[in-house]
Amino acid sequence: MSEFLQHLINMLVLGGTYALLGIGLTLIFGIMNVVNFTHGVLYTFGAYVMFIVVHQLGVNFFVALPLAVVAGWLLGAAIELTLLRPLRGSDIDTTMLVMIGAWIAMQSGTLWIWGGVAKSVSTPFPEAPLVLGPVSVSWLRLFVLAAAALLIVVTYFLINRSKLGCAMRATFQDQDTASLMGVNVDLIYTSTFAIGSSLAAAAGALLGPVYVIFPQMGDLAAVKAFAIVILGGLGNITGAVIGGFILALAEELGAGYVSSGYRDAMGFLIIIAVLIFKPTGLFARSERVG
Amino acid sequence: MKLAVTILTIAALASFPLWLRDPYLMNALITTGIFIIGAMSLNLLLGFTGQLSLGHIAFFGIGAYVSALTSLGFDVGLPGGFRIVHEPWPPAVGFVLAIIVAGLCGYLVGLLSFRVRGAYFVIVTISFAEVVRLVALNWVELTQGPLALTNIPSITIGLPALGSLTLRTKLQNYYLVLAVAVATYVLISRLVHSHFGRAMRGLMENETLAVSVGIDVTKTLTLAAVISAGIAGAAGSLYAHYIRIIDPEVFAFINTVTMVIMVITGGKGSLAGPVVGGLIFGLLPVFLRPIMAPEAQWIAYGGVLIVILFVLPRGIVPSLAQRWAKWRSRPRAAGAVSFSERDVKENA
Amino acid sequence: MGFAATALKVEQVAVRFGGLVALSDMNFTVGEGEIVSLIGPNGAGKTTAFNVMTGFLDPTHGCVSYRGTALNGLKPHQIADLGLIRTFQRTSVFPNDTVYDNLLVGLHRRGRVGLFEAILGLPRARSSERRLRERASELVEWVGLGRRAHDLAGSLSYGEQRLVGVALALAAEPSMLLLDEPVSGMNASETHTFVELIRNIRDRGVTILLVEHDMPMVMSVSDRIVVLNYGRIIAEGPPDVIRNDPVVIEAYLGQGAARA
Amino acid sequence: MLEIRDMVCGYGGVTALRGISLEVKAGQLVALIGANGAGKSTTLRAISGLVAPRSGSLLFEGKEIAGAKPPHVVACGIAHCPEGRRVFPHMTVEENLDMGAYLRTDRAGISAERDRIYAEFPRLADRKRQAAGTLSGGEQQMLAIGRALMSRPRLIMFDEPSLGLAPNIVERTFAIIRGIRDSGTTVLLVEQNAFAALEMCDHAYLLEGGRIVLSGAGREMIENEHVRKAYLGG
Amino acid sequence: QTIKIGVNEPLTGAFAASGTYVVNGAKIAADEINAKGGILGKKLELVIEDNKSNPTEAAAVAEKLITSDKVPVLMGAWGSSLTLAVMPKLMEYETPMVVETSSSGKITTTGNPYIFRISPPSAIEAAAFKGIVDKLELKKVDFLVINNDWGRGTAEDFSKMMKEKGITVGSVETMDQGAQDMSAQLSKLKGTDSETIIVTTAVDQLTLIFKQAAALGLKKRIITTGGSQNPDQIIAQAGAAANGTMHLTTFLPWFPDKTPNPEATNYFIAEWKKRGFDFAGCTESFRGYDGIRTAAAAIEKAGKAEPAAIKAALWDINIKGLNGDIVFRKAGPEGKESGQSQPNVYLIEITDGKIGMKTL
């Protein structure tokens, strides 16, 4: 029983992590329709910024976090301006491949600059966990969960309630018509990608200290993020959050009660199963023919 | 014209080993050739039905494992106390079985693709590949898991009556790969120019409309998936018998990515695209290796990829064909290439 | 009217989207060789009815049958195989293919050959291919797009794309044609030509069900009219009766109806 | 108010407009008619900046707007209700309307405008929270018209507004368009229902093969033999 | 004129960090040899190629080194799957390879006479550990291992040894290479009645495991195996969570005097630091150093830089490696045996952020 409770607690913190990974991608992949292979690199980038700012510049942990977010925003804007803008209007596979190229190049660049040896960021949180009866959880993880919740809420309101969010959705549904409404489409492209990127960097900045930091850390994170976004339905923030928790639950229970070798398989099986029964994700957009 | 170009290309490819004596380059050409076959099969799905499979390596890997296990033999226990004991069979049988089993897996994924399209299909294929990888990794009794299947025999061809030949040398393997590649090219070409190919294109461009004129989605997509997977399985089999060791690493995502790169830079939806893209990105690392640091090689690799797409966003072959068409007949509208003409330009 | 047999039969069809009732208790028939029009205000459920008849939408209740075959549970392509072919209200073409290639895809039903025949390039496959090309050229001319045959369908103007849509439906060899607002986007003269086209098609034995808001056209071409409002049939009869039906005028035609 | 001189436009290798000149005076309702593929939509697209003219000039209230990007043109006070509805499919009806008022900042005015549109098209009011992509064709057309009205432009361009609308709604739409003109807003109207368009316009242009071949007051045009034959069906 | 040794290591991809360490160690050996006048009167030249952590590439690299660069002997290829992929090429071109890191048992048992391994396969590690287990008073152990040949092999060999010793083996949990969150596995292990967990994986995952175990309040004894721990890195990154953990290693850079060849160890560590590398990397890089010295000794003994001669000479060498004598014994099927040397294995313990030798 206590083991089960522990799995549930783990699921909560892990699910928060996954939701955090998912929301940035929901913007870029779900709304912008760019298969963003640099998502993992931006995640890694956020983590390295934390490392540099905290350890090499000696800045306070809590100050470093927003710096990492800003850095992610800038890098995202730069990627959009240099790599995506010239290919505006090309099909989705072409931009996907450019993103693949950027992923390969940037990941190797990270390796070149910082080497393959993992780094770790020290945090101001106590090492001793919070113990609640039979279960325990680390303070750092609780902080990450809280920060994730905050980011999720902010993103939700940004996309679904703000004028900017409205313009974003309109732009990627019909660019020409959006421009006829007076939307500056170029600006929307850049800022959507930049916001999505800053969310990826935020995830990296929060999770880097939880785990360790190395050049390929983003790969697995990105695959999971894609899965989560799909699971929840493209462009759906609430869906991404729920998708994140479902994936976490499947993995925890899979590892705990089936076989740890198939831990990751559980997640993917869930995805296949969900898509068989709900082919457009858990929260599908309504469509019609004719 | 078209035939002449094709024959010339094949002749040029066939002549490589005669003047190229460097075994390392031969090795690179053979592995590249194997991946090109995989890329051609991916192109059948991506370029002609619009479905991107980011788990295509699963079929390749399944082909490799099936072929390897057929020729090595195995002995596994199943739940309920059953055992399957299999004595080694000749690799040529493995090759055929690889195609069949991979094709069957393609059928399963194809059935799924009836329900999910686009991004959802992409994730289903990624998930499928991951699940297959994890099975290969964890079903140690059958696949040896991470301990790898080693000492896979080289492929033997021949008829019982005429004796047989075991393909050990690079030269032999090169011609085998070339032969399979040419066969694949012809098969795909015939398929996409038949009315099946038109049905695929119709589904890709406007599914609702295609269905309304009587095109059967499930049948068409499944057919494409089965053939595509079967070809990928064949490529996997060649790979297993050439490299002679298989471990779950073959399912690595980067291998799928390599095929996707080959297809899209070369030009999806064009027959020659994967071949051109494949030769470039199969051999690029070979040329980069001596001139820069390992990390820089990857950066250059990514850079070349980006530059190609910036210059030729629709892929090398279609973009060049379009320019060529424009140059040849200026008054005609751009992009107005019909089915029948498309290939002539492509090969020109 | 003495039509020999019933082609299409709609029985008690109802469609609901969540809480929204799009169709309720719809009953009507179309006889072989008849031209029937389905009219009604925007959002009355006409396109939804088409979607049900062609298998794109499962009705919440009721059933449709064509020439005696129940269509429930059949997939759209299976229904198309029965010869029941529709067009779409929105422009619908294969945008990245030429007009000519569009029609070749449309001719799918005619061009079926075995997989192996096709791959091996056997004579039967070749001759079938030749026939398809001839037929495609014929159709292009017929809808008057000969000049644009080798332009990408996606680059045509709105009205031209609508013509491609109709040509595609004809390519599929319908025995019954469901047309969803075929003349929207055409002017009066173009509509005139189109009416001739429709009569022509009917004379070849094709049954036609038409959805259209162009009243002069509907009135001139229909044998019978079915009027839908809020998902219910509110009137049914020949054009002259419908034109003067006060309920229909109130719900749909408006006061300008006198002109029609 | 709007003056086009010798404008040439095209797409890739195709030339759609071969040098057209026309004028829309402030407060007028000007109609543009022509066959399929004549270049009517292209003209509107060029004005709103969706396609850049190859040559010629485009003056709006004396300012050159040829080659300006759409947001700039919209900011100048031009609204364009595009052909084929083009609603944002995954946004609700209400969000679509709000997008029409994207450049407006007066909240109260926006909400009043919205209510007015709901009153004109009660069907939209019933469907407020529905995703626009699931509306029927005619409902989408109403939404597109309403959305264009939301920006309170000084010049409004309609591309086939009656497309797919039921006869009674067509009547209402035309009444609305006349009402707009009467309230002082300038209107440029492309319409396949040539008779109705010519009847209500102040001035009309006839486009054929990318050239303006005829122009005049609406009444005169209706009388014209060529127009009668080619566009009025008799 | 130089004598070449081919180095086939992962410098990019998942194993880049380790491969780079090994190459840096190898360079120290080559420089040392050249400073002393080279071998057979010629300079030693390392031809270093990146196998991209990818088996297909590893095989291609071997092909290149042998056929284009004409190296008479190779060192490589770090991971077992990489080494296994190279092995058919060794047969094809009859060129020997010194295997410096790979631990899969298969490497020396499939009958490849061109393989000479200086790293311990898990069976040797288990055998060495056998002598210590009594004093640790193990009763029941669980395993948490990386899901590859290395982890799986370790779990298998150690379980066998434990069972012989009458120790109960509980559950065997695995984690994917690259996995970052092991909480699920650890929660499960927290709930079992074993008192010890044997963990096999590389340093990064070890760091994560210690941190996550601490966060879960898992208070069992953890013993790691495999020699890729880099304990200094663990201490730096896992902090207090690493206290009390024990590690089976093959090299003792902290206690040069206790190593079999103190002089060489001191030289190596001094040189390593002089080049500005992290001290933590010593525990991996020494393999590259030993590997090159082994190959060089064989060339010296062979008297000529030819594959066949070097292969024969490898059987005769006897040098003092940093972790024991390098002398190859026969392993694998008769007639085509591979060479396997027997390095020492030590148990160390981390207490209060310091490394201590567990003298039992």
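Each chain gets a letter, A, B, C, D and E, in the order it is written, and its residues are counted from 1.
By definition in this document, a residue touches a chain if its C-beta (ideal position, glycine included) is under 8 Å from a C-beta of that chain, and two chains touch if they have at least 3 such contacts.
Quick caveat, the model's predicted, so the values are computed rather than measured.
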item: Smallest count of steps, each to a touching chain, taking chain A to chain D; value: 1
item: Shared interface partners, meaning chains that touch chain C and chain E; value: A, B
item: Contacts common to chain B and chain D (chain labels); value: A, C
item: Distance from chain C to chain B - Cα centre to Cα centre, in angstrom; value: 42
item: Where chain A and chain C are represented by their mean Cα positions, the distance between them in whole Å; value: 46
item: CA centroid of chain D to CA centroid of chain E, Å; value: 75
item: Whole-Å gap between the CA centroids of chain A and chain E; value: 36
item: Residues of chain B engaged with two or more neighbouring chains; value: 137-138, 208, 295, 297-298, 332-333, 335
item: Per-residue overlap in chain D, given as positions that touch at least 2 other chains; value: 12, 14, 134
item: Sequence positions of chain E contacting 2 or more other chains; value: 12, 147, 174
item: Chain A-facing residues of chain B, complex; value: 46, 52, 112, 115-116, 119-120, 122-124, 126-128, 130-131, 134-135, 137-138, 208, 253, 257, 260-261, 264-265, 268, 293, 295-299, 301-306, 309-310, 313-314
item: Of all residues in chain A, those that touch chain D in their complex; value: 163, 166-167, 169-170, 173-174, 176-185, 235, 285-288
item: Residue ranges of chain B in contact with chain E within the complex; value: 22-24, 27-28, 31, 137-138, 140, 145-148, 150-151, 243-245, 247, 249-250, 252, 254, 285, 289, 294-295, 297-298
item: Contact footprint of chain A on chain E as seen in their complex; value: 12-20, 147, 173-176, 178-181, 183-185, 187-188, 190-191, 203-204, 207-208, 211, 214-217, 233, 236-241, 278, 280-281
item: Chain E residues touching chain B - in the complex, by the definition given at the top; value: 11-12, 49-50, 52, 54-57, 59-60, 63-64, 67-68, 80-81, 84-85, 87-88, 104, 106, 110, 147-153, 174
